[in-house]
Every structure is written in structure tokens, then in C-alpha cells.
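For reference, the structures are reproduced in the following blocks.
Next come two complexes, and both contain chain A; in the first it sits with chain B, in the second with chain C.
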Partner chain A sequence: MIRFLARRLLFALVLVVAVSSAALFLTRLAPGDVTSQLGPFASPQEIARVRAQYGLDRPAAGQWAAWVGRAVRFEFGDSFLYNRPVRGLVGRAAANTAVLAVVALTLATLIGIPLGVFTGSRSGVAATLVRAASLVCISIPPLLTSLLLVFVASRTRWFPTGGMTSVQALDVQWSAWIADVAAHLPLPALALALPIAATFERLQAQSMSDALHQPFLLAAIARGVSARDLIVRHAWPVSVRPICAVYGIAIGALLSGSFVVEYVTAWPGLGRLMFEALRARDIYLVAGCAATGGLFLAFGSLVGDLLLAAADPRAREAQAA
Partner chain B sequence: MALVVYFRPAGGPADDAPAARRGGQLVGAIRGEPRSFNRLVDRNQTTELLSMLQHARLVRVNRETFELEPWLAERWESSADGRTHTLYLRQGVTWSDGTPFTAADVLFSLDAVLDPKVESVMASQLIVGGQPIRASASDDHTVVFRFAAPSGPGLRLLDGLLILPKHKLEARLKDGTLAQAWDTKTPPSEIAGLGPFVLREYLPGQRLVYDRNPRYWRTAPDGAPLPYLDRVVLEIVPDQNAELLRLQSGDIDLTQSELRAEDYVPVRRSEEEGRLRLIELGVGPDADAFWFCLKPEAKKADPRFAFVSRPEFRQAISHAVDREMFAETVFLGAAVPIWGPITPGNSIWFWPDVPRYPHDDDRARELLRGIGLEDRNGNGVVEDGRGTEARFTVMTQQGIGYYERGTAVLRDELAGVGIALDIAPLEFGAMIQRMLACDYDAIYMRALTTDLDPAVNLDFWLSSGDAHFWNLAQTSPATEWERRIDTIMLEQAASVDQERRRMLFRDVQRIVAENLPALYFAAPRLYYAHSTRVQGVRPSVQRPPALWNADSLSVTN
Partner chain C sequence: MRRAGLALFALVVAVAVGAPWLAPNDPERAFSNLLYAPPTPVHAGAGGLYIHPQRLVSRLERRFEQDTARRAPLQWLTNGRLVSVDESQGGPLLVLGADVFGRDTFSRLIFGARTSLALAVLATAGALILGALVGGVAGYAGGRVDELLSRFSEFVLVLPAIYVALALRAVMPLVLPAETVFVALTVIFALLGWPIVARGVRAIVASERDRDYAAAALAAGAGPVRTLVLHLLPAAWSYLTVQATLLLPAFILAEATLSYVGLGFPDTVPTWGTMLQDAANVSLVAEAPWMLAPAAAIFIFVLAVNLTVQSTGRAPVQLEP
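Entry: the complex of A and B
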């Protein structure tokens, strides 16, 4: 187990370095740089000053080496857009995204897996409707889902239309602040959770259907096991393995931030920060966001592997080896 | 000394007198983060808006009437030659931290803007006749400004002089770090201002919160202290669609900028439901421009430059575009045709008789033939005698509906006379980088002016200017007509005779219309919407349309 964890830690380190370095290089190589944020008519002196300040007057390799040298001390440089250190900005945004991701994943799990078990073990109108709804949720682009939910929120006033807190939460106690954040969560969480729940439902349904035709299930039926126990105790543990495999990817993707959902719903998370940094060619902020995203992806992958190991003894043995 | 005296009595009361309710908070939306709270070093729209909330000027250009009005200076006297201006500051004004405001703050602010170490983005506006404006104080409440030469805009230039607290920033100016002062990490209590609000909190990615400045100096017509509002909150909403939905739902009261043409219908519905008030601001002072890179040094190897540099080529393009249809298609009808950079929205300087190019494809083809461009191989695109086709790539900013519609209409219209356009929507940063390097054929975009007086926008008109976008920052004028414009504009900017200035500027508009370094087709009609709970809005065609007058805004509940 220790070897397994050490391997994963090394993998995470390599992933973070590779992703952030690639982000830094690609941002550097892409047309335009951060000085375009000064506007079309900035003076040459102003442009030169900003380029020097952000190391853009140096060769890309030299800039990368200097950045890595600072990054090992957890100093990721300053953001041009926000004019403040990247570390604090990314830390705050990552925490906001983590809150959203946990809620979205919980919702997706609570909605997708039971519905998948249902549609995988039953037939009829209800199962057909659930399958159709899942296909719709998978097919609609996140941008449309987000805008649709903002529109619904604006018409019904069931929940706030965007942001993470309301203005009224400025002078309140912690408990009221948490309640305020909770009130803002449904919209972005639903926008993120619906396609993932639909994916879980489809995977779980297929896997459950396969499991119910396994010989050991037929033997259990022959032994007179009740229909409920057949599904919950015998078929589901076997059918959940594909879900565990994609769970890691879902965790990683959610934690790295969904820029579309966060952008439309004005959630101050990692995805939105990354999007704004990319748009502005804010090179150190892009690299910082990418490093954090890589870290989250590695974490998601680790959780996925651990879940798979818990669900499947063969995977556990393979990991131990 | 012969004097021109401006005096407004009553100590600066607000002009608008609606039955305003005191208290409450107004929630606005902005789409970008501030990079700094220091307006001297940051020119973006968010920082400009925040400076309007927290700071003040000696005189102010009223964004509704575009007239100059007293602000921290309650009156002034100007010499007949327009070189000396004596401003009398209001008595009893204090900074938001309680320190008295005096002439020393004014002198400090001018020094700060003009200090080379600060590299202020506002410095160029305070240069007259090639020399920085000088100032001296004869007492704590009298400041004398001296210009090196007469100036047409005169004291309007001081609208660009933000008054800063000497007691807070003097040390930073002395040690050469003023440019880094008041960044976004600065504790709000460190930022003292003379504006109606003081910063309370900035949450990156979320919002800025401004509280009422209890020491604000301006009063309402009934003598009550301004501002009416207790708090202004600016929510950061990056997506314009989401911003509109939040406005319609009542989550925000107003936005930072005008509506897009496509938003008019949904907002109209909200107005009918009584939730929003829709205002037609009028024709915007800025219009989309289409231009080619006309820098000879950058284009010497390009065989197309031989005909692109000819005014007849650009006149042919002007004839080829049906401006009525352009306005109808690109701005969904909410625009008026124009023939130059000055739109009817700039009523003081607009010249309705500027030379026009009526839609006439035959005339366009004739002009092209006149410079040797004909479709010799029958492929629908004209070429010169050496076979060089009139085919260009036009860059525009991606994701902006009217830019994309505008370039599509231009492509179709110019195809009718044998000029081929390929459209390249680019990310803003990439486009600007290529524009600065003159690494492009043509561009379609809009540049916003800072002031309607052309003499305040010399960086656009003069060939040496950084905003002379078809051929930036020339060391000497590349063409004879640009040399003529330089001469006339310098005379225009230095004249204090307004009628003379108007006539000179007509000459400039005529030269531009004849040579068409940039082509203009339609100026949009601007619409603005705000919640019906907001009172006292005096809409402006310039941004920000409502919050420029934040001290007189109030809310009903």
C-alpha cells in the first residue's frame, strides 16, 4: 500500500510539473501576450515595462527555469490581471471550486446511481423516461444548461441567479454566511451535476443489466434470494466497478473547475479564474491554475483507484503488486 | 488681465432634484476585475468607474451635457489668451479620512501625474504646446494653472486630473513607488478620497463594496448632504448574458455599459412588466471602423500596398457598402449611417455636410478600374496589371456579435465589386498584438474616445499619435494629407476661438473623408436599462452611462 501511495505521489508530482510547464509554454507561444490588456493604444514604454515585469522579454526557457525555481518555494509569481500573488488567488478559487465539486458530485451520485440501478433492473415507461432524460442531460452543452438554469432562477426566484454569496452576507455570522453560500449552490451544482448524474445512470444501468445475467445471479435466484437482496447485495457490488473507474475522472474534472458553469453563474472558482487568465494571457496565473488542476486530477485519479480497489479484490491485488 | 469668468453660486448643489430617498444600497454589475485602485497607472474601464466613485476632480465634464462644470473648484477665471487659469477651491472640504483638502493636494496631484517615474497613463492629457501644465498656489484655496500655449479645450483638460491625497501618497512619490501604490491588496482604510463613496471591501472574483463617504462635500438642492445611497455594491459578472438575466430578475439594479442590440427586445418586455426602465441614450459617439494597415515600412514587400495606399481604392470600398442596409443588419436597425469618425452623437463637433459616398457599385468599379484593378481572369476578384488580387484578411474580435455581423456584411458587399475579404475573428489580445506590429491586412473594430473634444484626442488625429491606428506613431507624416491634418489639428487645439476651432475641424473632417484612412459605416443608437427602483439617473452616451453621477442616485426601497 505504501509503495502504491508513493507511486501515486510521484505520478501527481510529474503531472503537476508537466501540466503547469506546458501551460506556461503554450501561453507564451500563443499569439498575443498580457500587454494586450493595456489596450490598443498603450505606449511602447508601458508595454516594455510590463513585458520586463512579467519576464516576457526573456527567452521562454529562461522564463520557465526562473518560474520553476520560484515554484518549488510555492511562489508562483504575480497575476497581471489581479495585480496580486497567484498563490492566494488560486488557493481561494480552488477552495471555492472544491465546495462546488463536492456538492455536485454528491448530487450526481445520489441521483445517477439509484436511477441507474432502477433503469438497469426494470423495464417500462418510468425506466424509458429516465433513460430519455439522461440522454437529454448528456447531450445538452454545459453552456446551455447553465444559461437555462440561470433563466429559470431569474423567472422563479427559487434560488439566486449567480455568485457565491449575496451582498446581505457582508456583516453576518459564520452560520448565516454558510447558509448564504448554500443558497447559491443549487444553480451551479445542478449545472455540473446533471450531465455527470446522467453519465452515472447510463453506466450503472448497463452494468446492472449485465450483472443480472451473470450465472451467479441466476444461482442466487434459484436459491430463492429476494428481488431486493438480489439487486442490492449481489448485483450492485459487481455492477459498481465501471462507476468507480469513471468516478476518479469525474472528481478530477470537477475539482479542476468547469469554466463554462463558473463563468455563467459567476462562481469565483478555479475554472473561471483559468478562463480569465487564458483570455488575458496572464501567464503565471495560467500556470498556477494548471498546476492546481493537475493536482486535483491526480487526486481524483487516486480516489478512483482506491474506490475500485475497495469494490474489486482483483484491482486491490494488482495495486499491491 | 482680461478675464473670462465662470461662476456657479450655491456651493455646488446637484442639478437634479427628484424626490430622492436617503439610504439603501444600489447593486451594479461590472464585467472585469480592477487591476489597481490607482487610476494614474491603469486605464481600464473598471478602474475609471471606481475612481469616479471614490475620487474627485477640480472640474468635471458633465457626461450628460458634455459641458464643463465646477467640482472641487467652485469657480475659475481664465486669461483672454487662454494660458492662465485661476481656480478657487471650495472651503471646508475634507478627505474621507478627515484631513482638510487644500491647494497642496492639487499641486501634489499634478506632480504625481507628470512624474516620469510614475509613467501615468493620464500624463499625455496634461501636456499643452509640448510642455506639461504648471501650477502654483497663491493660498490654501487658490491654484493658478499655466499652459505653455493657448489650449482649445482649456480647463476641460483638468477633467483628467484626479485629485490625490498628499498626506497619504507623498512618501510614495518621493521614493519613486507611487505607481505601485493603491494596488488591489491595499487595505481600504489606506485609500482616502474626495468622492461620494469609500471602498469597504474587495472580494476578487465576487464584488466590490463601497460605503457612503460621510465627509463628502456635495449637497443636494435642499441642502441635504450627498450621496443619497448608503452603499454601492458592484458585483463582478463576467458573462453579459448572465448579467442581463440578473438585471431582469432584479438581482442587480444596473450595468456598467449599454445594452447590445439583441438585448433590446427582452429588456423591452421587462419594461412592460414594470421591472426595468429602458432609456434611449441617443447615437453613440463612437463607431466601428474598418481600416487597412497603411504603414509603408511594414508593407513595402506587399504588392497589394500599391493599390491599398491609393485613396481611390478606399473610396471604392466606401461606395460599395450600402450603409442603410449595414445599419439594419449589423445593429438590427438601431444605428444611423455615417461617413466619418465623428458621429451625430457628438453634437458639438459633428459636421453633417462631410463628403459622402453614396452606395453605387458602378462608381466603385469605375474607381477601381481607374487605379488599374479589373477582374482579368473572370474569377470574381479584381487584380492589378501584375496579377495581384484584391484579396484581404480582415481581423476582428471574436465573440462580439456586431463585429461578426459587420465583417460578414462587408465581405458580401465588397464581393459585389470584386474585392475579396476573408474574416479572421481573433482573441482580443492576439488581435492587438498584430495591430501594434502592423502584422495585418485590415481590421474591423471600435475604439472608444475619452472625450468628445477632438483636441483631447490628438493621439488619434496626429500622425505621431499612439491611437493613429492605420499607421501608428509616425516619426514624420507618411502622407501629405496627414501632414496637413497635423498642422490644422495643432492650430485647432491651440485656438481659444470656438468658432474658429469648429471651422478648422471641418477642414480636418473633409480631408479624412477624402482620403479615408479608416472607413465608417454606421453609428449605433445606444440603449440602457436599469431597475425601476433606481432614481436620479442622468444617462450618458459615454461609459459608465449611469454611475458617473453616483452621488445623485437613490433607490426607492
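Entry: the complex of A and C
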């Protein structure tokens, strides 16, 4: 187990370093830099001064080495765009994205898995309807779902159409602030959760019906196990493996999907920040966002592996070896 | 189900191919008195189908009125168009209303389908070829080459594709001519799509390599390249077709997402993504719901592909935006 965790940590480290370094070099290669923000009338001296201030006058390798040297002490440099340290900006955006991702994943799990167990173990009108609905939901990606939900929200006024808080909620009490955020959450969370819930439903239904055709289930029927126990205690634990296997991917997908949803619904998360930073050539902010995204990904695949180990003794042994 | 999916897919492709003939209007033509005009209802009466000409009542309120006193007949097969209404008679025929510049949404939608579909098809072909080559070499060579290529493709696989696409597109100049964007996006998508193809092809080639027929080909004097391309890769054919059905919708969405956030095609080129930008304006969509037409087009295409995959017994997995 320790060797497994050590390998995972090494993978996380490689991922974070590679992703953030690649982001740094890519942004450096891009035409234009922070000095394009100074306008067309900036004097050459001024441009040179700003470049020196942010370390852009050094060769790329030197700039990278200096950045890594500071990054290991969690100093990610300053954002040009916001004129503030990257650490605070990225930290807050990452927290917002994490809230959205956790809520969406919980929703997807709570909707998708029970429905999958239902459609996988039963036939009839209800199961067919659920199956059709999930096929439709799989075909509406978060980009379209969020646009549609914003449209519905603007017509019905059931939800706010965007943002995370409605007023500049600085002086309200924390309970009012939480209520305000909770009112803004359903729209982006649903947009993210629906396609993933549908994917879970399809996978669970397939593996459930596979599990129900196994010989050991026939033996359980012969022993007189009740229909409920048959599904919940005998078939489900076997059938949940494919879901655990895609959990890690789902977390990466949530990060991807969250960019689109954050953009459409104006949720102040990591995806939006990264997008703004890329457009403004805000090199340290891009690298900081990429490093955080890499951490999220590594964490996601770790969670996926742990779930797989919990669900399947064979996977546990393979990991321990 | 499979047949319905294939039929729907064929319909979308046929509409895209036949766009110049099917479009009632020139997609670039702006009717200055018909900004955000609603769809024109078609009536049936003596002398065939006809519409009432639309007249602008209030430019400020965007209010239109149908001139019920006049009848403008639908003309079939004139001026190289399947159906249209002559402007001097009281046209144009707006099947899905008009956009912000008074351009025909339906004509732009089917012309946009050409760009969006062509891009997705070319990128899919690129990803399949690249993936088959890398996977084939890895599976055939084995050993250290296999190890290196597999690790690399696994690394690309864990990255959230949309961020990599954003980053790669963002480092290019923001304003590019449409042809350059087309080539750039095709290359970026192909570079992001190959790893998942390579992983499967590698497994197939690695197991096929030890079969007798491969040994026979080698013994008969076929070189390794000939054996790989002509004898081993055909075994991966059905795997490649399944992957194509997964990549196509993903690339359609990727184009839509990038164009939607302003990093894809320039606004003047009709694609499903650039047209979707109009759907971002909440208050406008509430008044002119036909601006959601590109969303419906994307949904129909993805649904068609998913229906086709669904009945081959594999659960479609929608884990990218």
C-alpha cells in the first residue's frame, strides 16, 4: 500500500511540474506579453522596465528555473492582470471550482447509480423511459445544458442566471452568504451533473444486467435470497466496479466541463481564471492555474484508484504488488 | 434505434453537403429591415404554399407584423435553390428567423454545418491515423519502445482536453483568417484525440502479433512495416470505427466551445460555435428563441451518433464537454 501511494505521489508531482512548466513555456512562446497592455505609446525604456520587473527579459530556461525555485516555496509570482499574488487568486478560484465539482459529482452519483440499478434490473415502461431520458442527457453536453438552463432561468426566474453571489456580499452575515451561494449553485451544478449522471446510469445498468446473469446469482436465488437483497447485497457490489473505474476520469471531466459551465454561468472558478489569464498572456497566473488543475487531476485519479480498490479485492492486490 | 441513428446522421450530412442548394437565402445576405425577425409561417392555399411578407412595425421594440393582405408564393427550384421566396414578391423566406444582422438563421445553420462537420471529420481521421500508427508501433515493437509510447499516451490522456486545446489555441494570435483557424483546430484536435485510439490499437496489435498468421507473413518474407500495416492493423478496424463515433461528437463540441468563447473561427464565418455566441445573450434569447437553433443542431448530431453506438451494445460515454 505504501509503495502504491508513493507511486501515486510521484505521478502527481510529475503531472503538476509537467503541466505547469508546459503552460509557462507555451505562454512565453505566444506572441505578445504583458507589455501589450501598456498601450501603443509606451516608451522602449518603460517596456524594458516592466519586462525586467516580471523576469520576462531573461531567457526562457532561466525564467523557468527561477519560477520553479519560488514555486516549491508556494510563491507563484504576481499576476499582471490583477496586480496581486497568484497564490490568493488561484486559491479562491480553486475553492469555488471544488465546491461546484463536489456538488455536481454528488448529484450525478445520487441520480445516476440508483437509476442505473433500476434500469439494469428491471424492464418495463418506467425503465424504458429512464433509458431514453439518459440517452438524451448524454447527448446534451454541459455547454448546451448550461445555455438551456440559463434560458429557462431567465424565463421562469426560478434561479439566478449567473454568478456565484448576487450582491457584493461582503457585509452580509455568513449564513446569508451561504444561502445566496446555494441559490446560485443549482444551475451550474445541474448543467455539469446531468451528462455525468446519465453516463453513470448507462454504465451501472449495463454492469447490473451483466451481474444478474452470473452463476453465483443463480445460486443465491436457489438459496432463497429475497429479490431486494439479491440486487442490493449480491449483484450491486459486483456491478459497481466500472463506475469506480470512471470516477477518476469523471473528476477530470468535471474540470473540463466546469470551464464551459463557469464561462456560461459566470461562476468565478479556476476555468474562467485560466481562460482570462491565457487571453491576457498573464504567464504566472496561467502556470499557477495549470499547477492547481494538475493537482486536482492527480487527486481525482487517486480517488478513482482507492474506490476501485475498495470495490474489487483483485484490484487491491494488484495495487499492493 | 441503430437505424434511426444512422438515418439521422445521414440526414445531417446530406443537409450539410447540399447546403448551397437547400438554403433559401445567401447566408451572408443581411436584410436590414429584418433584424431578429421571427420565422415566417408557411400557409397552404389556392395556388400552393405561400407566406405573408413580414413588415417592421417598430425597430425599437423589434416588433414585426405579417402583411396578411399580400401573398408571396414559394418558388420551387429557381435560381439554383430548392425553395425560396422572391424578394420583389415579399420575401425572404426565413425558416428559423433572422439574427442580429438580419441574416437568415436557417441558411447560416446549414452552411455552418459544412464547416463544423468537415473540421470534425478531418480531425477524427487525423486522430485515428496517428493513434493507429503510434499504437501499432508500440504493440508491434514491444519492450522499451512500447513502454515509452504507452507512458506518453497515458500522460496526454489524463489531461483535460479542452484546457489543452484552449492553451494551444490561445498561444496563437487571437485574430486569424478562417482557413488558418480550420487547419490549426484540425491539427490541435487530432493531437488531442490520438492517445485513446493508440491505447486500444496497441493492445490489439500486441495480441495479434503472436498469432500464426503474423508469423506466416513474416516467414513469407514480409517486412515488419508490411506485416504491421497490411496484416495486423486490419484487426483493429472495428475498434477504430467505434472510436470514430466517440471522437466525432467530441470534436463538434470542441469546435463549438472554442468558437463560443471567441478562440475559434472569426464571428463572420458561420459555424455552429460562432452562431452559438448569439445564444449567450440571455435577454435576447428570451425574445428570439430561434437563436438556440445551433444548440438544437449539435444535440441532433450527437444524439444521432449516440443512437448508432447505443445499439451496438456499448454504453456511450460522454465525459468531455
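Keep in mind that, in the parts below, the second predicted complex is superposed on the first by the 285 of 321 C-alpha atoms of A that agree within 3 Å, B and C clash if a C-alpha of one lies under 4 Å from a C-alpha of the other, contacts with A are read in each partner's own complex, and residues count from 1 in each chain.
The definition used in the following text is that contacts are C-beta pairs under 8 Å (C-beta built on N, C-alpha and C of every residue); 3 or more make two chains touch, one makes a residue touch a chain.
Worth saying up front: this structure is predicted, and the values here are computed from it rather than measured.
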| item | value |
| --- | --- |
| First (chain B), second (chain C), both or neither touched by A:R279 | both |
| Contacts of A:E46 with chain B and chain C, given as first, second, both or neither | first |
| Chain B versus chain C as contact partner of A:R8, first or second or both or neither | neither |
| Chain B versus chain C as contact partner of A:L81, first or second or both or neither | first |
| Which of chain B and chain C A:V150 touches, first, second, both or neither | both |
| Which of chain B and chain C A:T165 touches, first, second, both or neither | first |
| Which superposed partner A:T27 touches (first chain B, second chain C, both, neither) | second |
| Which superposed partner A:I138 touches (first chain B, second chain C, both, neither) | second |
| Partner chain(s) touched by A:Y263 [first = chain B, second = chain C, both, neither] | both |
| Contact residues of chain A, present in both the chain B and the chain C interface | 30-31, 147, 150-151, 154-155, 161, 263-264, 279 |
| List of chain A residues in touch with chain C within their complex | 15, 18-19, 23, 26-27, 29-31, 135-136, 138-144, 147-148, 150-151, 154-155, 161, 195-196, 198-199, 202-203, 205-206, 246, 249-250, 252-253, 255-257, 259-260, 263-264, 271, 274-275, 278-279, 286, 290, 293, 297, 301 |
| Touch list for chain B against partner chain A, complex | 25, 27, 33, 35-36, 43-44, 119, 121, 183-185, 201, 203-207, 209, 233, 235-239, 241-242, 245-246, 248-249, 251, 426-436, 447, 459, 466-467, 469, 473 |
| For the chain A and chain B complex, residues of the former touching the latter | 30-47, 49, 80-84, 89, 92-93, 96, 147, 150-151, 153-155, 157, 160-165, 167, 170, 263-266, 268, 272-273, 276, 279-281 |
| Footprint of chain A on chain C - complex, ascending | 155, 158-163, 166-168, 170-174, 249, 253, 256-257, 260-261, 276, 279-280, 282-283, 285-286, 289, 292, 295, 298-299, 302-303, 306-307, 310, 315-321 |
